[in-house]
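One structure is given below, encoded as structure tokens.
Chains here go by letter, A, B, C and D, matching the order in which they are written, and residues are numbered from 1 within each.
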């Protein structure tokens, strides 16, 4: 009797709670909509760091913009992957509390920040001046962003916000998979002072690693 | 018989009214979608106020950008909190009328404006020139924004747009909680002429206050 | 038997058609989502036309930016009102065809353009140089935008895309209400060559006119 | 019994899977929301390439901006059409896998890039310097974008992600219709070195071709 038709849709659909008599259950629907918007705008603003060359040797000048392309690709893929992992996370989370909303807000604050160190690193890789500091700032932004993301996982596990189908061992696997990026970004900060391009390459490798699918949670 | 399966989903879901025979009930679904978009873009445009330093002492120059970081954090958190409160408000509002749409439009106009005084205050805090005026303009924008937000609450209470589960004492509590920010922003305008950083700090404290959860409305 | 629980939700929800056996009915759900995004971004980009003054008489310089504020308010309210009318229109439209999608695309192209004549008119009203041409370009953009909007109404009426509850006399009223803005914008183009501020004022009056609610379609 | 009321809504609605006991089915709902956001922002950022002329012959100077208008229209319509085709594609796709998400991410990366070659081509068509290289870069970006889009079709056909109502011959028709743009963009790269405006015109013709409706898939 738990699956009577009149109850199931109202319980399942986040938008269906408006007309129900009691206070609506906290849902993740608008959190996801707002986050999707921030991810999409932050990813799209990256293109503003690409400045059209003004000189008379356009093909040569465009080739000289390789730091802009490299940082654009790494930053875009990183934002895209955070979006994909955010997407996967909120399919596993059944409900949101106020603390999760606030932690998510800090995540979005660092995601939104990404175009700034991206433009900074592109400019400094092209000129060679202080490129180590710029690469360290870039990797540090990625680290702050992934710490924010990781904290939403920790909180969801702590408060058992995950859906019932997520077992203990799944949570452990998800935490291990998500924590590995933290160490890579921390390493990239240190490596920045030896080689700025190598530091950027590590950030790119993190993006490619998370592009690959994780272990399915069906067993 | 009120919960017959054929009626409940159609009444509950805002997107389900398209194929119904009568004129659709005014819903808040697209108001929320458009507002989410404006909140997300306004929050993300704040990063354009962060200009990469061009000099040869990057670490030092980045440290000198603290007014840009401080205003970025206060403005981002403020927009994020308006979003969260907007989110909470429209979970309590069961239907929207034309006046509410117009009041919401004025709210969004001031939210969209926030990147302008944010950049202005960051520049003036860094140079020290006319920073009092810039801080007063910043706090005044926050005040105009929160007056717009408050007016949507007043209107919703006046026209009883809230869902049935919101009792009179809940509305009173929500109004008191929302009005306190107005007085803080008004004070920040005056304090700006004594100290611009103190005025910004008050705006930051308002953001942190609203980050903390309010009293639940379940009793 | 037409309201059996298994059929009603699938027919009513635009997002519910994915798993149905036949080809999905054309719905307006994603058209609205994409349009909401464009409206929200175009409205928010207007703030980039507000440039922080660099001089040492900030209060005086901010007062001198009145053309930027006036054009910001008129453009923001105009985009907001197009969004509201778009919202109302697609509550009346039961299904979208390819032509409607294309006409909507042209509408969005002119909405997206609005920040350009807005910045142009603000600059020219401040300097006084060629302000008539700038005001005419501004009003012409509004006219092109409203012709695009009107054409989606004409097409919807012609192909009977409106829901069954919209009667013939309602369509006639909606067309008359929407066509009045066209004449006002056309007049604003001519008046621009006599007075640029008067031309902007007419565009503002059109916005206020459409902010007021139209006749309800319930009779 | 397959259409029991308790199962049908849960299976049909992407947002309805949150509260189901098992892991949620991969759906395309948030992929579409994020993509819509990126399309909308990329299309709207194009307006930032339109710079208000500063001179004293505004009407003449505005007429001289024709390369900016032409590239704006072609780029906006192209992004709009990719959105429309993306819209149509995900009405045909019943489920998304991780690879499709990644391929879609690459598509969005090239869509987001479009404002950069658009501004570049507008500037170079106006000055006449290196306009061939700029037109080739513009057409190459369009080619990379359409290869990404085509690859999502190939993958969907390969992994049979399309809904059951899509027959084999429909997939073949869709692939043929989508591949024709690839050849046109490749031709536009070569033609750019003979005539930059002709290359842009070909990109515009591709946009108009896809604006026209394809064969319906109902037979």
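The rule is simple: contacts are C-beta pairs under 8 Å (C-beta built on N, C-alpha and C of every residue); 3 or more make two chains touch, one makes a residue touch a chain.
Note that the structure is predicted; figures quoted are calculated from it, not measured.
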Remotest chain, chain D as reference, centres from CA atoms: B
Copies chain D and chain C - interface residue numbers shared by over half, same or different: different
Fitted rotation between chain B and its twin chain C in degrees, CA, nearest 5: 90
Distance between chain centroids, defined by C-alpha means - chain A, chain D (Å): 23
Junction residues of chain D - those touching two or more other chains: 5, 9, 13, 15, 33, 36-37, 40-41, 45, 48
Residues of chain C defined as touching chain D within the complex: 4-7, 9-10, 13, 15-24, 30-31, 33-34, 37-38, 40-42, 45, 48, 98-99, 101-102, 105, 108-109, 112-113, 115-116, 119-120, 123-124, 129-130, 133-134, 137
For the chain A and chain D complex, residues of the former touching the latter: 3-5, 8-9, 11-15, 27-29, 32-33, 36-37, 39-41, 43-48, 50, 52, 56-59, 62, 72-73, 76-77, 80-81, 83-84, 87, 91-92, 94, 163-165, 211, 213, 217-218
